[in-house]
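Look for subunit A in each of the two complexes below; its partner is subunit B in the first and subunit C in the second.
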Partner chain A sequence: MIRYLVRRLLLAIPTLFGIVVLVFLLLHLAPGSPASAVGSPEAGRRVSAAAREEMRKLYGLDRPLPERFVRWIGRVARFDLGESFVDRRPVSERIREALPATLALNGLALFFTLALAVPVGVAAGGRPEGPFDRASAVVLFALYSMPVFWAALLLQTLLSVELGWLPLYGVSSDPAPGGILGLADRLEHLALPVTCLTYGSLAFFARLVRAGVVEARSQDFVTAALARGLSRRQALWRHAFRNALLPLVTLLGLLLPGLLSGSVIVERIFAWPGLGRLYFDSILSRDYPVVLGLSLLGGVATLAATLAADIAAAIVDPRLREEA
Partner chain B sequence: MRRLPLAILLFALGACRGSEQTAGPPGAIARTPTVAAAPALGFLDESREGTPVEGGILRRRLVGEPATLNAVLQSGLPEQQVLQYVSRQLLDFDAQLALTPGLAQRWEVSDDGLEYRFFLERQVFWEDGSAVTSADAVFTIRQITDPKVPSPVFKPLFEDLELVEPLDARSFRVRFRNRDALHAYAFALPLLPERRFSERSIVKTRENRAPLSNGPYRVARWKTQESIELERNPRWFGVPGHFDRIIFRIVPENAVAYRAIVEGSLDESWIDQSLKERSAKDRRFQSCCRIVEFYNLDYNYIALNNRSPLFSDSRVRRAMTMLLDRPAIVSGLYHGSARIISGPWAPDSPAYDASVTPLPFDPAAAAELLDRAGWRDTNGNGTRDRNGREFEFDLLSSAGSTIGGQIDEVFSGELARAGIRAHVRPLEWSAFVERVDSGDYEAASLAWAASDANPDPFPFWHSSQFPPHGVNNAFYSNPVADRLMEEARRELDPAKRREIYHRLHRIFRDDPPVVFVVNASQKYAFRRRVRGLVTSPLGLYGFWPGPLSWWGVPDDSVTGGRPQ
Partner chain C sequence: MIRRLSGSGRVALVVVALLWLVAAVSPLFAERASEIRLDERLRPPSLAHPFGTDDLGRDLAARVVTATPISLAIGLVAAAVSLLVGFGIGAAAGYFGGATDLLLSRLIEVVLCFPVLFLLLALAAFLPPSPATVVLAIGLTTWPSDARYARAEILKARNLDYSRAARAAGAGPARILLRHLLPNALPPLLVSAAFGVSWAILAEAALSFLGVGLPAPASSWGGILSAAPAYIEEAWWLALFPGLALFATVSAYNLLAESLRHATTEAGRT
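Let's turn to the complex of A and B:
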């Protein structure tokens, strides 16, 4: 097991390097530059040629690409992600500021997705083509196909503007109440964005769990369990679901990095100060250091999560353990 | 509402900012005859209506987070909106586009028009109690011209600076290399406190997020990506604002900002055409809110690359103008709230000559012009050609501009009927700007945003200003126009300068560099509780005192509803 881990860790290094090189190249070869990104279509403002040239020099964009890459990698090796072109603050500071908001939002969304998807999936898979399976399929597909920006605006209009039950946007009231009320206030603000993030992935997960359960329940060991006198419920949860868990764990590994990447659409609509908005705005403004920093973070998270998923899968499935 | 007599739009002396950030808004007089009926959007001045209520909170919207609150480094609208409360300028524009004293109580211009002397007010202070001095002004201007300082808004204004030096603690002089009647516009300039930055680069300091105020308000709190809160500056020496606090909330989406206004967590926001239409049918909106609409100095145009063999002939460019159905765009896309323009200014710019009527929409006449220019369909494939080249090109647009994309579609449809194939190509903003600024395009749909009253066409249309050096990215070249633009720059008499612009206007219509489209109205949603609004061709915020004159009555629906 230890050797397996070490090997996986060593393999991660070239993978990460590859990701970083690729992102660096894509970013710098894409049309546009920090100087041309000043302004916006609404503002329509333009920068004089001389000012643009000075900006290029200032950001070191007049240096050859390999040189810029080596400099950047050199700083990264010393755990320095550089400074944002936009506000000249350290990239790490900007990421640290946006991280908690995104983690809270995506963590809760993932929690609710699983908390709903597993029972729904097991129940639906327990009696395939039964009334619950059919009904849940219709509802889940309807949810899955609903565009999130549309659903978000609809929910805002209904629950915030018309009924006044939930806050329209933001992470907290201003001024935010203290103590337990402050927590409640934050949860209130989370309600709508978490709902928007949850409903779409719910369908995906529930159907995945259902498929796993359907497959497992027709296997001999489930029949055997039923023959041993276990109740249907026990057979489903203890035996069928456990087997259906395996693909879910692998998938979770791929989804965990998504906790960091955030959701651009939901964060923009709810004016959520998270990483998704930071990433998106940084790409639009060609803030290379921030985009690279976030990509690096995403790369590390993906590799770590894949590794964790492999380990978890080994724990869940003894067969994998032995192979390893 | 009242109409502003033309004469008030005096041609102020001074000039400066080219096409910098957008300001906003307002005020316009429907005086251009356009084919489509334009609604009479007036100049709004509520400054003398009612007795202002002192105190309360004003909740404003920012589309994005300011990158900095260092006035010299500012580059966009969000920064300008916040800094207006915090950072006073040497000179200001008033609602009628005239330059007025700000931190500087007066200024003198030498006879040769090259040297400016400024005299600061006596009683002006920074937030920490120290006086605003000529050293601050000199420091600020030197920083702007420092190659290591990115100051996209102000750099172009001081590109031909020869020297700047203090005369005494309250006065300083600035000398330029070239004579430009509108140089004074450069001094609508906020100042930095020299002592605070001593010896350090102004680019990286933490102070850029906590600026030292010399304005009516100061920064109390900045929550990243959420809000910026301003409170009264106790050291402020001028007429105070009416609100105790100004809270800017960062709300990227227009549709959400609209809902926030209805709900009561925002007091104002810029909105687009579709939200304006929605508001007319929205009873809740009507009960609590209102639309403020006016014309400013912005306009749209379709740039044609004059160096391309397609558009080098003036007759072709005229034909292109006559193939764009501008009356249909005004009535169909803007529902009447736009005015057709015939030159590179909005109708409320003093440079605009209302007697220069726009070329008509006339496909038959356009076809004849194209024929005469040699563009005929010789091979019968339905597309005009000349010397083996088909009349076919990419029409670039910025993917973020809905209305720009719609105009492009209307245009390419009309062109197709005339035997010209235009492919609409939306590009992401930065990529779009890069193509256009480098001249690597054939046609592109653009918006011109005015941040000040400077009508000087020189940087944009003079043949000495081609990229990469300048921003005449249509590569327009007309010797007569060149001469007039040079003359206008040298002419210190506003009335005479205006006459030159009017002559230029006629040339720009008859030998059009590009297809000028419309000057569209600006639309804002306001909660009714906010009073004292004044609009101007520079927008709601682009002049002084601008939003400082707003005041608010307590709004029950705000306290009763959900607090933001």
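Let's turn to the complex of A and C:
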């Protein structure tokens, strides 16, 4: 186990290094660097000479490439992401402020994804080509192909504008009611963004669960379990699903970048003050330190999540440890 | 290939063909799509304007039709860029193995670690706005999945008899890859390409919706949709119809990809 852990951690080092390098390259798309010599991107958003000068100083853009790289690595190692161009506050502070809103949104989305995808996938995979399998396949396929911003607009139109059941956007009403009503108010505001963030990964994950269960149920140990007199339900959940679970655990880590991508769109539509909106606003206002800091955070968080998922899989499945 | 497609796959193929047909005749509607009538703004769907009118009084149906070739073409070209980069890197990793594989696989892993939209937005917003930027940004962020696919296929095929025979006959890596391995990996790559197109269309729509996609005069479905949030309380048709076109297109390509996958795996490769 220890050997497996060490090996897995060692393999993550080059990836971590790669993430830092890629963000470094991203920085060179920013103005004051060769890639942007052609001029400012969007019309009307010309970067001022002062900002350019600041970029040069902050990232040492007037130094030779290797020196710049060493500087960058040094700053990253000290968790020093610089100051936001917009309000002069440390990038890490701005990220910390936006983090809870995004965690609430994505945590709930992840919870509902798993809570729905597993039963749907097991039920569909339990009887392949059965009526439930066919019906759920069509629905999941439709959800999978539905652009999130369109789904968001339709839900807003139907549930907020036409029926008036849910708030159009925002985190809470203004003024926010206190006590238990305040909580209900918050949940009401969460409903639509969480739905929008959930349905895509739900479709993706339920199909994987189904495929895993279909594959596992045709194997000998499931037949044996049924022959021993276990009920279909027991054979399915205790034997087929447990074995189908393993590859899924390793895939969990990869849900994170998808959720963060979704957050950018969902948080923008629903005026949600999280990381996704911070990233998008920073892109528009050319707040490079924030953009780079968030990119770095997104990459490292995903790496950590895949690492945790791999280790979890090894704890559950001794075979994986021995292979390594 | 087409004969092996399932019923739904054929339907998808017909829908894709129809979409390209719409794209082909769309220039006929260009004039109507750009006609601004401020006295007709935000009219609900009617016989004269089947999809209603937008905030400048332009006919929404004509606008959706004229956006078709833009969305389709960007999707196709971006997917091609992604496939080209992905196949090159994935095939090299699978074929050469060893240190090359280790290095290229790390590269794939690194790019996969980033939220796609983060990279996409940064590339699209920081580079000068043009269709080429959009295409490159999408292609350069989505290639890792193609690369993984290509790597697995080449890894499977490189030790089969025919490629060993080619090697024994003195063929170099480039020749073996392009003349022997590529044709055999083509069906699964086609699946990857079809998924890639639907992905690229979605990505372009997302960029344009967020306002960092194609520059002003051109408008894709995502671009038309970007006006919808401002009028969400009065003009539902602004959101419904362009999104419906997008949804139909993405579904058709996904369905096509799915049945291609069935046709190439279950029916057995010959």
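Quick notes on this structure:
Just so it is clear, the second predicted complex is superposed on the first by the 258 of 324 C-alpha atoms of A that agree within 3 Å, B and C clash if a C-alpha of one lies under 4 Å from a C-alpha of the other, contacts with A are read in each partner's own complex, and residues count from 1 in each chain.
One rule holds for everything that comes next: a contact is a pair of C-beta atoms (placed from the backbone, for glycine too) under 8 Å apart; a residue touches a chain by one contact, two chains touch by 3 or more.
Because the structure is a prediction, the values reported are computed rather than measured.
Contacts of A:T15 after superposition on the shared chain: subunit C is touched, whereas subunit B is not. In the superposition on chain A, A:F79 makes contact with neither subunit B nor subunit C. When the two complexes are overlaid on their common chain A, residue A:D87 makes contact with subunit B while staying clear of subunit C.
Once chain A of one complex is fitted onto chain A of the other, the partner contacts of A:E97 are limited to subunit B, with no touch recorded for subunit C. By the document's definition of touching, of the two partners only subunit B reaches A:K57; subunit C does not. Of the two partner chains, subunit C is the only one touched by A:L29; subunit B is not. Of the residues of subunit A, those at positions 30, 36, 38-39, 41-42, 153, 156-157, 161, 168, 268-269, 284 touch subunit B in one of the two structures and subunit C in the other.
On subunit A, the positions that touch subunit C within their shared complex are 14-15, 18-19, 21-22, 26, 29-30, 35-36, 38-39, 41-42, 141-142, 144-150, 153-154, 156-157, 161, 168, 254, 256-258, 260-262, 264-265, 268-269, 279-280, 283-284, 291, 294-295, 298-300, 302-303, 306. Chain contact summary for the complex, subunit B toward subunit A: residues 18-22, 63-65, 67-68, 75-77, 147-148, 150-152, 155-156, 159, 203-204, 208-209, 223-227, 229, 247, 249-253, 255-256, 259-260, 262-263, 265, 284, 298, 398-401, 404, 427-431, 433-435, 437, 446-449, 451, 459, 467-471, 561-564. On the subunit C side of its complex with subunit A, the touching residues are 106-107, 109-119, 121-123, 125-129, 198, 202, 205-206, 209-210, 212, 222, 225, 228-229, 232-233, 236, 239-240, 243, 246-247, 250-251, 254-255, 258. Subunit A makes touch with subunit B in their complex at residues 30-33, 36-52, 54-55, 57-58, 83, 86-88, 94, 97-98, 153, 156-157, 160-161, 164, 167-171, 173-174, 268-271, 273-274, 277-278, 281, 284-286.
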